[in-house]
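After this come two complexes, each holding chain A, first together with chain B and then together with chain C.
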Partner chain A sequence: MPKNLTIALAGNPNAGKTTLFNALTGARQHVGNYPGITVEKREGVICTLDTEVHVMDLPGTYSLTAYSQEELVARNYLAEERPEVVVDVLDATCLERNLYLAVQFLEMGIPLVLALNMVDSLPGKGISIDSGRLSSLMRLPVVETVGRRGIGKEKLLEAVVNQAAERQGRWEPLRLSYGPDLDPVLDQMAADIEKADFLSDKYAPRWIALKYLEEDEEIFQLCAENPALNAGLYKASSRVSEHCQKTLNMHPEAIIADYRYGYIASILKQGVISTTTDIRDRVDFSDKLDQVLTHRVFGPSIMVFILYALFHFTFAVGEVPMGWVESFFAWLAGTTASLLPDGLFRSLIVDGIIGGVGGVLGFVPLILVMFLGITFLEDSGYMARMAYMLDRVFRIFGLHGSSVVPFIVSGGIPGGCAVPGVLAARTLRSPKEKLATLLTAPYMACGAKVPVFILLTAAFFPNSAALVMFLLTLSAWGIALCVAKILRSTVIRGKSTPFVMELPPYRMPTLLGVMLHTWERGWQYIKKAGTVILAISILIWALMTFPRLPHDQVEHFETERQELLVLQENTTTDAARAALADRLTALDNREVRDGLLHSVAGRLGTGLETISGLAGFDWRTNIALLGGVAAKEVIVSTLGTVYSLGEVAAEDSGSFSRRLAADPAWNPIRALSLMVFVLTYAPCFVTVVAIAREASWKWAAFSVVFNTMVGFVLAVAVYQIGNLIR
Partner chain B sequence: MKKNCWCLRKKLSERNSLATMKSGQKGKVVSVCSRSRMAGRLAAMGITPGVDVEVLSSSGDGPLVVVVRGARMCLCRNMADKVQVDPT
Partner chain C sequence: MTKQISLRQMHIHQKGTIISIAAGGELGRRIRDMGLVPNTEIEIVGKAPLKDPVALRLRGFTLTLRNSEADFITVEVDS
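Entry: the complex of A and B
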């Protein structure tokens, strides 16, 4: 029996794969991303008495043909890492379709165990499945499981260990017949591939031939590297394709699918599946819910209500712990300031690092609560309905139902991030819609912009924070859609491409799943604060500190201060002493202000003031906005630093938003203009890189310039019109 | 590769595409007349010739929801246009 075992969980999306994975591994798991892409890489460990099982949760796929990133990731993992066993998680209520993927695993030859998941939903649907019969007909171990309650996991593990021991890593490709039209061609192509010894370390020759007929993009690319082989394969495949279309009116792909489903049907018909009642007459619970939730009139209203409720929930629940974290960092800054001697080092630690990173970490509780809500919507199946309902609207603006996902991930529901959002746009097959989505997704209220909104709404719209946030989110969607429409009817014109997706049945998310998922996302945010934001905070602190005031000016302040101190010692009345203390404070503030103005950042900020003044931004805001191009989180932290540099002692200053509200230079209109600008201006640096990778550097540069222009025009409009109305 | 679909019965079957079916109507898929990759994707999601479909919702020019092989699929009208159906 092997001591160390590597297995992979695979299956259709929504087959309960991740739930089963959670049940198997508990909290002993690690989530990361595959290098360069956003497909989640989820790994975990199960320890039994004598075996340590490493489990890999592969992304959900419908097939093993490279239609999307997920399929490619799953396939390449299997081919390159060669796990000892693959557990194919099947949704028992939808067995026929789920077995389609299983057949492809068998054709690949990989050792397989079937987990017949969600068997508890079968009686309600009037279906019964004989798993023993399925097992003997397919000559595979089949284990009944209920992922959400952890039922069957021991048996599954036992089956996996046995299968691994029996197969010893041997791959045994299943040979399906694809009929008189395709079989000879497949044999010939396979023979050619075998002769060329092409990819023989990864795939069986017949499997490559099949994928070639299925027009698999990656296989095409790989074959193109071997021109001699490719010429023969291309000739054979195009001849058979033409022949099939002429005689059968079908593409080879459809024929292949037909034979696979034929094989599945031949197994299921032999007493594996039986329906006890006529399921066609039953109205499914999910369908009943859908009649209301996706109703033409009620559906959209309920959707808006749910989003609004999500904000209220987030703010009501998140506010309290947010206060705790804020006061913790205020205490930390105060304590550190009193422990360290005055000077550059103290300024770096207190103003640069604690101010910068603390400002970002302060939002962790709020973001966790928001993720909790979003994860719930995702896992319950409602998110797919949102995409379905919004497709109608999106089409008008030259986008796609699938553009909803990049939009939502980017922050369509505040709290996302444009980087995975931009990368999620990969699933869009049409280059034009994809480009329009890439360029407009960064308008969404991502998790890094949210703190700016929270800060400003708390300061200037304290009684209607949720409403303002809600309206900002709607504006983000409105702006993104309008810009998409403009782009799609000017620089990126073109017809729309088709889309298809599954609407999973409604399910109650499991507590463990929601918690784990929420924590993963929150942890990613915290990690970012500890790395990227920390580095940028230090850089910006340096920009705001150097070059320092020339020596004679510092001396000038110092002599003035000494004079005041001497005067203070010689006065007798309390009133005069208080007046002198005020003058001292004013002097200190003036020194800090002059120092900041003298620094690189100050000069940049002041230089831009002539233009930015149109939108109501002063030089301090400009500094923060410039920093925000690096990462949006930096806006709040920089504002915090810029203003805290002006404070004499960090500990007796009230919360930052209260200070802003008290600042006479600020008013609600200026705050509104700033929020609109932050919402729409240049994407952050990481997003720009992602856009460049997905489209080109030309489009990435376009997004920076174009988005900033859009943002500036809107902000000026808000500020100028707002002041006129006032 | 082969970008254009070549459908011999296009004229005849266009009238019976999935897109023309009303909510609640049932039928059997006759052929999927689409670019090869799309047809493959649809097949992987269960929409192949010979399969029973039921339209759950279809209105205006928005996407359709159909039940195929026990799963609810949402597909856009352009795509539904390419799926020929024999209504029952």
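Entry: the complex of A and C
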């Protein structure tokens, strides 16, 4: 009979927890969100012979205090859902620190199995660990694993199943001694808590007392609901705190941490770890590599080089499948156009849907390759080095070294997407820095803006397209940083997050891990295309088509057309016939133009012309930009449509570029001003929603208005100054 | 002979033992959770290109700290 088992996977960040999770569950996993909070929820299923094991991959944490969302989520999940077993994934190469979390699980009392992960790295460091000894000293099952190779999976599952059977969900809190000053107070507080039967369904009394002494915010809040109990606890804790400061010059929190590490050391000292060579002077391989990669001079140069190489790699590799997708949609448009009868429906399908969505999906290969590169950099450990090297610079602008990841994912190297970029800002603990990062990440050159740049640089800067792209990218960073500084000095003032960050050892990422992570991010982009952009494309098509030209005007055009056709039939020379054909085309153009001007979109565009003219945008550009408010991907296809000659749908960028270059109304200054505006103005609709979820709707609305203002000021500046120079 | 200095003043490759940590609140907690408690042996392994943050090795891993955070930590070194 198949049994059901629920377990949780926990551990330090960088301990290989997710790699082990992937090895255990394969692709049978699902990522979502904890309701109401911005922490990723990852669960999966392992099917053994007779048991179905549901695995919850808890966020990586260093401890179980309540000052970060991740830790709160982990703690509350354990207390409320009560998984039958928790597997603590330990990085064997830094066992001491990893056991700090294990001790906290033991103090909670939850059934625990230790997965001693990355044991394959031990020989290289000259360390050997006696896991049997560790197991008997801690009175816990310990299984050696190598997550990246799936070694130890079966033994781990076996240990989990056995532990679950033995403990039957019983919590057995470990009682550690915290010294002569704290122990009696803890006992007293625990007794009071037990008498009041406080939170007895969730936590053990001594654990609550301990957390109270540690000034745990969540416990403080919960205790405040029982004022009588709280008064007693507060008195006891402040008394002992005062005493400790006076006699030991240490806060109870510090003493507690000290004793926990003391307990760990006492266990490890008993023959658990032995070094096979003299490791005191041994320099770790990763540290050696860092001597070059974070060198004063080489470090930043290598970083710029790597980013540039990633940029090149993305476009070189991504261009091939991009071409396939584009050809497919062009074929689809052509075939559909020939199959459907002329009219509104055909226009909707071919121009509206295929044109709009096809343009977006064409970029999926590019986006996926970009995310592949970024994920590789992250999982290998290099991103942490980037945060380390950039922190000093980013701090000047009120940001944090870790802000670099959201920036890069959003398009710091052209071609990302702000939706996963905004999600990547979750690592920033300080709400102020996170908010500043959220509001400025959309300035980056995301994959939706790149086609606009490609189009315009090909038309107006044909010989220096790469240089202009590079300068635009630099401008994006510059604008983002400066705006962050302005925001952090005015509307988002506040403390900065501690930097205290681990530099994980360099590791070769697993193929499965990189693929899964890349796909997760890419999927967010594809979902956006399938839903929002499809809807927007239809909406824009409707706005550009309706209201239709009034009957009398249509008839007027038709009469003229008939006259020309009759004339054409009666002419004899080829030259005359060609001239008439030109006149017919011009007539068609005029009819489309008038129709467009008559539509809702046209009226909006014309209405905005008085202000937009300052930046050099005419009504046609305005229409495209309005569409871009919802999704930047539609800017190029909309520009194509408003400039198109008749009913021809999405033409290839090359000939469109040529046509723009030949258009007398367009010039390099105007192109530049448009590019600057597209780079900076309102984030696309899906990004706005993401910002609203990560921060609030108030800030999301702010980003729309504020970013557009910034974009407009910059575009006007570029246009006006550019014209003066010319 | 040994002397007591702030962690910020240590040079690259210098070793020492932590004496005390004066940080409180969230910073204090972060520092402690990472294993920086009294009597911990540390070694400075590098500094970022702009000399801030600093990277140190302890308990088998590498930790980075801003100089302003390192200021709170007093270390005993050989003089």
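Note that in this section the second predicted complex is superposed on the first by the 522 of 726 C-alpha atoms of A that agree within 3 Å, B and C clash if a C-alpha of one lies under 4 Å from a C-alpha of the other, contacts with A are read in each partner's own complex, and residues count from 1 in each chain.
Criterion: contacts are C-beta pairs under 8 Å (C-beta built on N, C-alpha and C of every residue); 3 or more make two chains touch, one makes a residue touch a chain.
Remember, it's a predicted structure, so these values are computed and weren't measured experimentally.
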Which superposed partner A:S241 touches (first chain B, second chain C, both, neither): first
Which superposed partner A:R97 touches (first chain B, second chain C, both, neither): both
Which superposed partner A:P180 touches (first chain B, second chain C, both, neither): neither
Which of chain B and chain C A:P664 touches, first, second, both or neither: neither
Which of chain B and chain C A:S63 touches, first, second, both or neither: both
First, second, both or neither for A:P341, with chain B first and chain C second: neither
Chain B versus chain C as contact partner of A:G299, first or second or both or neither: second
Set of chain A residues, in rising order, touched by both chain B and chain C: 62-63, 65, 67, 93-97, 100, 249, 251, 253-254, 257-258, 261, 286-287, 290, 294, 296, 388, 391-392, 395, 401, 498-505
Touching residues on chain A, where the partner in the complex is chain C: 62-63, 65, 67, 91, 93-97, 100, 249, 251, 253-254, 257-258, 261, 284, 286-287, 290-291, 294-297, 299-300, 388-389, 391-393, 395, 401, 498-505
Chain A - residues contacting chain B, complex: 62-63, 65, 67, 93-97, 100-101, 214-215, 220, 238, 241, 245, 249-254, 256-258, 261, 286-287, 290, 294, 296, 384, 387-388, 391-392, 395, 401, 496-505
Residue ranges of chain B touching chain A (in the complex, touch as defined): 1-2, 6-9, 31-32, 34, 36-51, 56-57, 59-63, 65, 68-76, 78-79, 82
Partner chain A, residues of chain C touching it in the complex: 20-21, 24, 26-35, 37-38, 40, 45-46, 48-53, 55, 57, 59-66, 69
